[in-house]
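What follows are several structures.
Two complexes come next, and they have one chain in common, subunit A, joined by subunit B in the first and subunit C in the second.
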Partner chain A sequence: MTVLENERVAALESVKPVRRRPARRRAGLAGYLFVSGYTILLVAFGIVPTGYAIYLAFTNDRGQFTGLGQFIKVANDYRFLPAFENILIYLVMWLILVIVLTTVVAVILRSRMRPGLSSIFRFLFYIPGALAGVASVLVWLFMLDPAVSPASGLLKAFGFQNFAQVLQPENLPVILVLIAFWTGAGGWIVVMYGALNNIPDEVLEAARVDGAGPWQSAWHIQLPMIRKWIVYQSILAFAAGTQLFVEPQLLQTASLGRVSPTWSPNQLAYVYAFQHGDFNGAAAISIFLLALGLIVAAVLVTRSGLFTLDNE
Partner chain B sequence: MKSPRLYRRTGRAAAAALALATAGVLAALTGCASADQSASGGSSSFKPEAQDANSQITVWADSTRLPAVQAYQKSHPDAKLKIVTYDGSADGSTYLQTKVQLFDRTGKGWPDVVFGSPTDVTWASQPTSPSAKPYAAPLVEGLVKKSTLDNFAKGSLTPCQFDGHTYCLRNDIAQVVLWYNKTLMDQWGYQVPTTWEQYEALGLKVAKEHPGYIVGAVGDTNSQESYFWSSQCPAQQLQSDGTLRVDLQANECTRMATLLDNLIAAKAVSTQGFFSQGFDGSKVLMANGPSWYGQYLFNSAFKTPKGQIAAANPMTWQGESTAYTGNVGGGVWMVSSHSKNLKASTDLAEWLTTSDANLKAAPTYPAYTPGAEAWLANPDNASYFADDISGPFKTAADQVWTGWSNTKFSDATAWSSVVLPALTAGKTLTETLPAWQTAIVNEAKSVGYKVTTK
Partner chain C sequence: MTTTLDRRAGGHTGTRPVSRFVSTGIVVLILALLLIFFVLPAIWLLLAPTKTAGQLIHDFPLSFGSFGQLGAAWQHLTSFQNGAIFQWLGNSAVYSIGSLILTLVTSVPAGYALALTEFKGRKTLLTVTLVVMIMPSAALVLPTFLELNLFGLIGTVWSIILPFSFFPFGVYLVYIYFATSLPRDLLSAARIDGCNEWQVFWRIAMPLAKPVIGLIAFFSFVNNWNNFFLPYLVLPSSDQFPIQVGLNQLLSSTPSFNPVAGKGLNITSPELALAIIIAILPVLVLFLFSQRALVAGMLAGATKE
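Right after this comes the complex of A and B.
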């Protein structure tokens, strides 16, 4: 998670609308040197494996070209549609929650709170994100089991008498969103806070002089000015969301099988690879996920003009 | 410098994607190789690796069998062992299978000796890919003596046998018996049931006279083996022609579903698992379950005081003369075909499964008959109980129904991820049978079985 966090921030720096220097960019050795480390890692652990997955997805285990055969095969699997349906429900809930809530919290922290208090809160929000995914699932398993949870009174008030009732299939998207939000939101709040910091004080000052209240300046000034960050967040949160694996996998084990072992598409790919020994089918499922992520990113990027520079 | 407008680029990209997609569709239409997995070509003759009698062997055991492996190390100080603890394939875990798939691809890392479930043998006796060799070594003459194999309890090596070879040694059997709290039964003047009909009647009576007390629970990952296997329900029955029979509408299944539904409705059977957090063991009057319930459930988990719990023979159905029972687990030890020290590996596996030294104090009922005698003769294994358990244990060991086949998929998955959530949501077993059947059929087909539902 933390690696992703750093990536996010680094990437944000680079997509920041260029206001300062419209001058011609000079090519220099230093630039290549700086990107080389990342490029090498990207090629070794990003591009090459993706290429290998594409190769696997279009061939069978004898190395023969199969066209779309692997894709048709996995799409006809009885677990394929349910897995994508699960992930879709999860994504809708997770995206709305993470985008709306982190932005609102960031605005409040930035404009409605003393700086000292605000930094304490930012730190507190960020702490769960520093926990590894596995540890956070274990924390939630503990929290959600009425037999041991410190909040068992609350769970029972909602009608959950035992762990099995909590883990009913219809509750799973909510549980997974809770876990994801708890671990992921803190990082996004910090990022959004940074984005809001980028808005010059004079702009807000001018709004105040013109009689805008705090909510009006949030709605009319701050939100529009961090629009690109929100789009960027949507792309990354969507991509991360489709990759859901660790959380349902651990829930599956910890619930002694009450959660389907193929709840998310990534889990289905895992079952294909490591139980059926069908790495080609597994690759085809992951290509489906890749395509989904690329399409959504393309739509968001073109619609929002994320990468257009402001100096035209 | 003007940056190029993005939509123009996407236009081109879209065109390229379209072209690519068209090419793909064309390729698909013009007939390509099949996307199906290569069929594993059966087991060819076993060729051992180059042997090195001094090499270290790696052992994977679950935490329950860890002390036994450590005891071997203690009594054999010269043996070079590297002991690793893992989940032992419990509750349908596929950890071992996952790892072996990876080891087969990287060409190294296999444990020499491993404790696993009977389900594991179904894939371990086959190659995982055309180039791999089966993980489990056939325990041919020269590794394990035939006379040793003959001493295992009747049918207990069946899950180990494929194509005429034995690929594992059975560690323990988990024959299902009827457990009951003798103290409470005596106090309330109840007779121990000998038929399922009596069991149902007694359950309904308990619900009325002593509400809160239960005669069973169905919420564990293996409850179907205690109940539906005992009822001879053809949930996964391999036919002689290799097809798998899945017929949950058979009378043997519906009669058990109806019985349990009645008891669940009366709150005499819980839909929770015995092993779920916070289960109140003091309210358990009876439990139809495996031989290891005695020590693991009543003694360790429920902390029922000594001298209260007793076991009875498996129950019959009215109109049937023989009793059949289920089997819940019972592990196996496999030796790796990749082992560089087969002698040391088989020696360990044999000691673990057949030596009195190990078996008389084994945590579960040994599959090796002489070892089982030694186990029953050990007062430590019997002193906890209110009665002599050796009768019911021996009877049940011979009554395990053989129609519940050891399949390539675990029977725990469909039961726990389809049936148990439905029960938790308040549905009855009878109305969940079709969904359960679909889940088993789908799973069976996905691992390559031909299925019949008649």
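Right after this comes the complex of A and C.
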């Protein structure tokens, strides 16, 4: 799920306030016809599920209004806090790693080497992006198994003698960060590089004349100028992190049950729905996740002035 | 964007030979480590199906086995549930391409209308689209499942194609593209020349929108191809699985990861590795062929290269 979401940053480049002249617009039916198909899908798979989830979260299985009952019930579940704790730990590690490393690498590729060489690097980093989802987890199951891994020496140096030791529940955040970074970072490096490429040469040249070294230019000039992308990257990485499902689910399968089947909130919601048959509780967990994702996005968006819609 | 030259601290140390040497060393080290990290697993994956499960453990991890063993792995994999992997690939193709077509048919006109026509509720629609875009979509998978269930669509092709074809990001991309790069005067001129709204869209806007259409097609296809959660929930039987869910089933049939269920089956690590390669092949090919166009499109003409 990661690399493609990453590329959404693409569109940011062109978000500019658009001055409009309403008088020249045509009012009328045509617009409605053009948006009709999309609007139907938006209602069916965006708005209705959200509304339905809210409805379920505030009622019980007989459709009676229960107020915050479902939320209190799931929040008191002994698996609830650990699940949110797990993704929080994962998110902090993942955000720091991906933002720092992709930015550093993009700066290096942009200012420290010839464009031809840097394009080869960008391409090589980008390739694992094709292995999103299930495939990437499966590859890393092999990479983390000291018996077959090409890095088994490294694993053993860390004290892991067999696969079971690697797949300890407490290692899961690190494993998930590794997988996410492997598939997602390449796309980000490409995007960050493009953003850096957009900074006029004259600016950097002026800095060089003034005696700034490459790291100083990076810190004082390049970084502030690509802030918008970094913020956007954080939003998407955060949203992706809150939704973890397939990765811990597969790791759970492969760990022969040592990893909790309710490691992430989405998995907990899944267990509620399909093992307990409690769709109201599952919906309450979904609402928690939605709220968390939207609050963080809202804070980042408003604080950074991202997504400037057309100012009429 | 504002230049920040004025904020630059006056450091003059960067060009000293020693620090230059150190900083180059750091750069080389970072790049080398990352290169190994990104490329090594991919190389290992390509070599794994040429070896037996035993060789995977005992031979050098990056050694080549034999083509004979590759053929054997292929045999084992294709005979799993009488060629289930082909069925899964076919299913994935149907789901991905079906949704892709619906996505294009709905999102291109919608993005166009949001950018270049005026109607009541336009801003609301745009705002809702942005909100849905940054919403963690997996949180909606369960309610979507219930909704599909309500309409009796569970287990049908539509239970995958319809939700997949909802792609707000595509609408947003088209909106940005038209809002920033299509001169409004061009449309006015066409209208004065007697084009109706449909003709303006079809004859003027569409031919200019090719790059962004390619971009959406790519994102939508790859998203659909890799999606796991929804098909995992709504499709009950193996002959309907897309390849991603099929891989999950293969994993639970591999003895090294599931000693109980995997007994007696011929699916071992090399077969699993081969299945992974086959599963990602369509996306990989798409990646390789469209990399240049993608990067260019992603940055929407912003690069100087």
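We take it that the second predicted complex is superposed on the first by the 264 of 312 C-alpha atoms of A that agree within 3 Å, B and C clash if a C-alpha of one lies under 4 Å from a C-alpha of the other, contacts with A are read in each partner's own complex, and residues count from 1 in each chain.
Here, contacts are C-beta pairs under 8 Å (C-beta built on N, C-alpha and C of every residue); 3 or more make two chains touch, one makes a residue touch a chain.
Only a predicted model underlies this, so the values are computations on that prediction, with no experimental measurement involved.
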Is A:V148 contacted by the first partner subunit B, the second partner subunit C, both or neither?
both
A:A297 contacts which: subunit B (first), subunit C (second), both, neither?
second
Does subunit B (first) or subunit C (second) touch A:A30, or do both, or does neither?
second
Partner chain in contact with A:R114 - subunit B first, subunit C second, else both or neither
neither
Compare subunit B and subunit C by how many residues of subunit A each one touches, and report the one with more.
C
Can A:T253 be said to touch subunit B (first), subunit C (second), both, or neither?
both
A:Y38 contacts which: subunit B (first), subunit C (second), both, neither?
second
Applying the touch criterion given at the start, work out whether A:N162 contacts subunit B, subunit C, both or neither, answering first, second, both or neither.
first
Does subunit B (first) or subunit C (second) touch A:I47, or do both, or does neither?
second
Where on subunit A do subunit B and subunit C both make contact?
24-25, 147-148, 253, 256, 273-274, 301, 307, 309
Residues of subunit A defined as touching subunit B within the complex:
24-25, 59-62, 64-70, 72-73, 77-79, 145-148, 162-165, 167-169, 253, 256-261, 273-278, 280-281, 298, 301-302, 305, 307-309, 312
Which bits of subunit B are touching subunit A when the two form their complex?
1-3, 5-7, 10, 13, 24-25, 27-28, 30, 32-38, 91-94, 97-98, 101-102, 104, 128-130, 219-221, 271-273, 275-278, 412-413, 415-417, 420-421, 424-425, 442, 446-447
Provide the residue numbers of subunit A that touch subunit C in the complex, in ascending order.
1, 4, 7-11, 13-16, 18, 21-22, 24-28, 30-35, 37-42, 44-50, 52-53, 56, 101, 104-105, 108, 112, 115, 121, 123-135, 138-143, 147-152, 182, 185-186, 190-191, 194-195, 197-198, 203, 206-207, 210-217, 220-221, 224-225, 235-236, 239-240, 242-243, 245-246, 250, 253-254, 256, 266, 269-270, 273-274, 279, 282-283, 286-287, 289-290, 292-294, 297, 301, 307, 309-310
